[in-house]
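A, B, C and D label the chains in the order they appear, each numbered from 1.
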Amino acid sequence: MAKIICNEKLSEDMFLITIEGDFPGEMGQFYMIRGWEDYPLLSRPLSIHEINDGSISFIYKVLGEGTLRLSKLQKDDNITLHGPYGNGFPKAEGRVALVGGGMGIAPLLYTAKKLHKTVDILDIYMGFRDEALLVDKYKQYADESYISIGSNITDQLDISKYDYILTCGPEPMIKRIVEMKEDNHTKIYVSMEKHMACGIGACLVCSCESKNGMTRVCKDGPVYLGEEIFYE
Amino acid sequence: MAKIICNEKLSEDMFLITIEGDFPGEMGQFYMIRGWEDYPLLSRPLSIHEINDGSISFIYKVLGEGTLRLSKLQKDDNITLHGPYGNGFPKAEGRVALVGGGMGIAPLLYTAKKLHKTVDILDIYMGFRDEALLVDKYKQYADESYISIGSNITDQLDISKYDYILTCGPEPMIKRIVEMKEDNHTKIYVSMEKHMACGIGACLVCSCESKNGMTRVCKDGPVYLGEEIFYE
Amino acid sequence: MSNTKVNFGSVEFKNPVITASGTFGFGREYNEIFDISSLGGISTKGLTLNKRKGNKGMRVWETPSGMMNSVGLENPGVEDFINKEVPFLQDLNTNIIANIGGSTLDEYIEAVERISKEKVDMIELNISCPNVKEGGMAFGIKTDTARNIVREIRKVTNLPLIIKLSPNAEDIVAIAKACEEEGADGISLVNTFKGLAIDIDKRRPVFDNVYAGLSGPAIKPMALRMVNEVYKQVSIPIMGMGGIMNWKDAIEFMMAGSTCIQVGTANFINPKVSLEIVKGIENFMDRENIKSLEEIIGII
Amino acid sequence: MSNTKVNFGSVEFKNPVITASGTFGFGREYNEIFDISSLGGISTKGLTLNKRKGNKGMRVWETPSGMMNSVGLENPGVEDFINKEVPFLQDLNTNIIANIGGSTLDEYIEAVERISKEKVDMIELNISCPNVKEGGMAFGIKTDTARNIVREIRKVTNLPLIIKLSPNAEDIVAIAKACEEEGADGISLVNTFKGLAIDIDKRRPVFDNVYAGLSGPAIKPMALRMVNEVYKQVSIPIMGMGGIMNWKDAIEFMMAGSTCIQVGTANFINPKVSLEIVKGIENFMDRENIKSLEEIIGII
């Protein structure tokens, strides 16, 4: 159990929650979170948004019962975190673009923070439906940043400019990026979303078929090479 | 839905919760309360402790999941109340004693407030296990008040002094009082406790057998003439 | 505004929302809280030929997202019901379903004969109460026993007859088919699931009767599945229930194959919930441009 | 300190806490979180003769105090299990229970024959998986079918054999008795309850397979009742499960008649819960001055 430092409303339905403690974690990993004892039953997976000395934070969108209950928590309330889980993004090199759509921007802040000093170029693309959020926080780590509101962020993306693309967001967005790929020099890594129960690779409810056979999104993923995945 | 004005800790496990609104209610009636949406499933019966202009209050002891959740609510949080339910205490006259044991003192404050101006004598007896609580609040309405901590409050009670005894508390205490009765001039009214579901007399889970046949504690009670009840 | 009317066999319901037996008394208490004539129907507390006191000891126990009850068919008996409750119920503008239980075939028959002389809209034969020893549920476990009681009851009543099935039945689809074959006009399901709770400090069961009936949201997935299994195999209409807490749950039951739905435990959580479910269904129909609920019944 | 040892037939368990099949993989993942050798035992993910990919579409859905799964026996097959997992498992200091599923009798037999050559401590025959069409559960519904498979399996293995029953069985007591008569060494119950969930916006079932298996606290009252019913009628020991979330639930199952208990869904909520249940049982024994768990098994 850990204590909440703050739980800030960013927009109508988005929140930034910061929790006290020295939590480990790599970029693109996630935690299974519950801000309640018994109900709802399952914990909710949230990607690491940022880790600082003595705190970890997540951003989340209120969708159903679980995120609604999260949104009601206040400073000093207790919360339970299990993790970090998942493989996380690879240590990209050279020219790198991070592309996030909607809540898919969540893991990209920590990723940017980890990568911006070691890569040659770090560009950040962020697509929002209604309202741009947290843009300044991301800009500090970006060489260039691109924003779209209501349209496809992928329209602004020329993947041939990059050695690595790390992306997270709705499946149609991911799919568009993967389909842009023509030659082999750009490595596209995608972070996938599946409903989860255990989060650690034991229950197989998050399994899906990849080109290398069955894979557990929580343990073998959530990050995959874009071409490994069968999109829907 | 109503708003919480305050939810004050009175002792290790007792709380006083005050809720905004003009709620109706007679002495000895109760409300079905839930300070949550879905879980736990059932609402919790709590006796009216006090009604003032624009507010109602209850005192409760933290026992299980429901009262624990109640205890975590804060000012301005929402809470749902259905009621008032039950018959309540009768309009006693003459020399009256209110006898409460443990949480059984809860309904006696509002009862005292309602009765003290119209009866000849109003004495209040309060039995506590570890620690006396709220005593001054009760004293304002009492001619005499008697307190016991750790021993039987009934030891101090001479029922022949009274025309009416209104009592609420653990069944053994109630039973002792009812058994004190020798002549017929003292009317003893007891408030009973049963697990409830609907609270309004429809489901029959709170039924028990009385000397007048089956009775629904939530609707026909919770207050009965002491001699009507079969004690355990 | 949308038309929520449904035909359950020959009986028209102004909307598909009915309050479930044993959770709504005879309507009087809830009628003090809202106008219960706005409901599609009311299923009465389970009636038996003679008055019953019900079970001793603890009668309710809360479980995760559920509750167990061991009321044991406490009721005033059919005669008292007819004298004291029917006049009140007949004045309401809603369908009245008399829920009938019993311990022996003869008791069932006599109770049904008696009630059939009255102006109630339907009989719901409860062969599924888990809370009475040697009674109720015993008839609802094995297909042959169920078939037999439906056959005999069908002979003595011309009222529309629905049979309330037990989720504890050995083969709920086979029982439903047997009911259909014996001339039942509809099926209602499910009654409560038989469960156990133990007081570990006292080292004994919570209920004097040991087992008791589980209801509420906990049972919804199973109840919904049973409704769908039965829907696929019988042609008479279904009243589905089990853990319906809101209009979304009600729509799920209709999509699984229920023509009407019944609301039980939810009444305890919010006494006006059945009314809110009617409203929710109306709004859903408007939003989705549904002209008649027939369009969605059994659609999955 | 209290002695939590129990004898399950001829097999000794250092404590009665076992992790349930399909919720604990082959132990590797949880072993990174705590030393799983401190458990009484581990039941492996359900194994079939050949590798299986499991079901397509959504595999998990949350319900009130429960979850539905439609994994559909995704597993590497017995041979791969023997090569890759058994060596790891044998090095642990806990009992290993190989959970075996299948679609045909022959498939079951071959899988059991193969596994019986290995050093596992027990076989748990899963005749109750609701998530594989024409398989698993079909064997666990009717008593005669169950009897037949147990008879055939008993012929091909000398390992202690427990049969995992389905709560969807027509008559769970009759099936348990048949298992006993055919020489099973124990019974485990319950597997998941068959349920349905509907996406009302899409107007279709959430799961490709339509029905899926419900587990978690929602099912506890029913699971506990079934354990108790079986306990009263059979003499072979029982492993009870279904919604056990903490040590109190575990004690309830033991008082209802379980010699060992299995922890499933709870592992997802708190990965160390099985360890905490062992500790909770120890503390309970100390407080209540219980020398051996035999004192409370089936005490109600």
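Definition applied: contacts are C-beta pairs under 8 Å (C-beta built on N, C-alpha and C of every residue); 3 or more make two chains touch, one makes a residue touch a chain.
Owing to the predicted nature of the structure, the values given are computational and were not obtained by experimental measurement.
**Q** Would you pick out the chains that touch chain B and also touch chain D?
**A** Touching chain B and chain D alike, sorted by label: A, C.
**Q** Computing the C-alpha centre of each chain, which chain sits at the greatest distance from chain C?
**A** Greatest centre separation from chain C goes to chain A.
**Q** Report the inter-centroid distance (CA atoms only) between chain A and chain C in whole Å.
**A** Centre-to-centre distance between chain A and chain C: 47 Å.
**Q** Taking the mean of the C-alpha atoms as each chain's centre, how many Å separate chain B from chain C?
**A** 35
**Q** So the centre of each chain is just the mean of its C-alpha atoms; given that, what is the distance between chain A and chain B in Å?
**A** Averaging C-alpha atoms per chain gives centres 53 Å apart.
**Q** Just the number, please: Cα centre separation of chain C and chain D in whole Å.
**A** Chain centroid spacing, chain C to chain D, equals 34 Å.
**Q** What are the residues of chain B that contact at least two other chains?
**A** Correct list: 38-39.
**Q** Can you list the chain C residues in contact with two or more other chains?
**A** Residues 64-66, 216-217 of chain C each touch two or more of the other chains.
**Q** Under the definition above, what is the set of chain D residues touching chain A in their complex?
**A** 22-25, 29-30, 32-33, 45, 53-54, 56, 58-62, 64-67, 69, 71, 74, 216-217, 245, 265, 267-271
**Q** Okay, in this complex, where on chain A does chain D touch?
**A** Result: residues 34, 38-43, 82, 195-207, 209, 214, 219 of chain A touch chain D.
**Q** Name, in rising order, each residue of chain B that touches chain A in their complex.
**A** The touching residues are 38-39, 65, 74.
**Q** In the complex, go through chain D and note every residue touching chain C.
**A** Residues 63-66, 68, 170-171, 193-198, 200, 203-205, 210-211, 214, 216-222, 224-225, 228, 243, 248, 251-252, 255-256, 296, 299-300.
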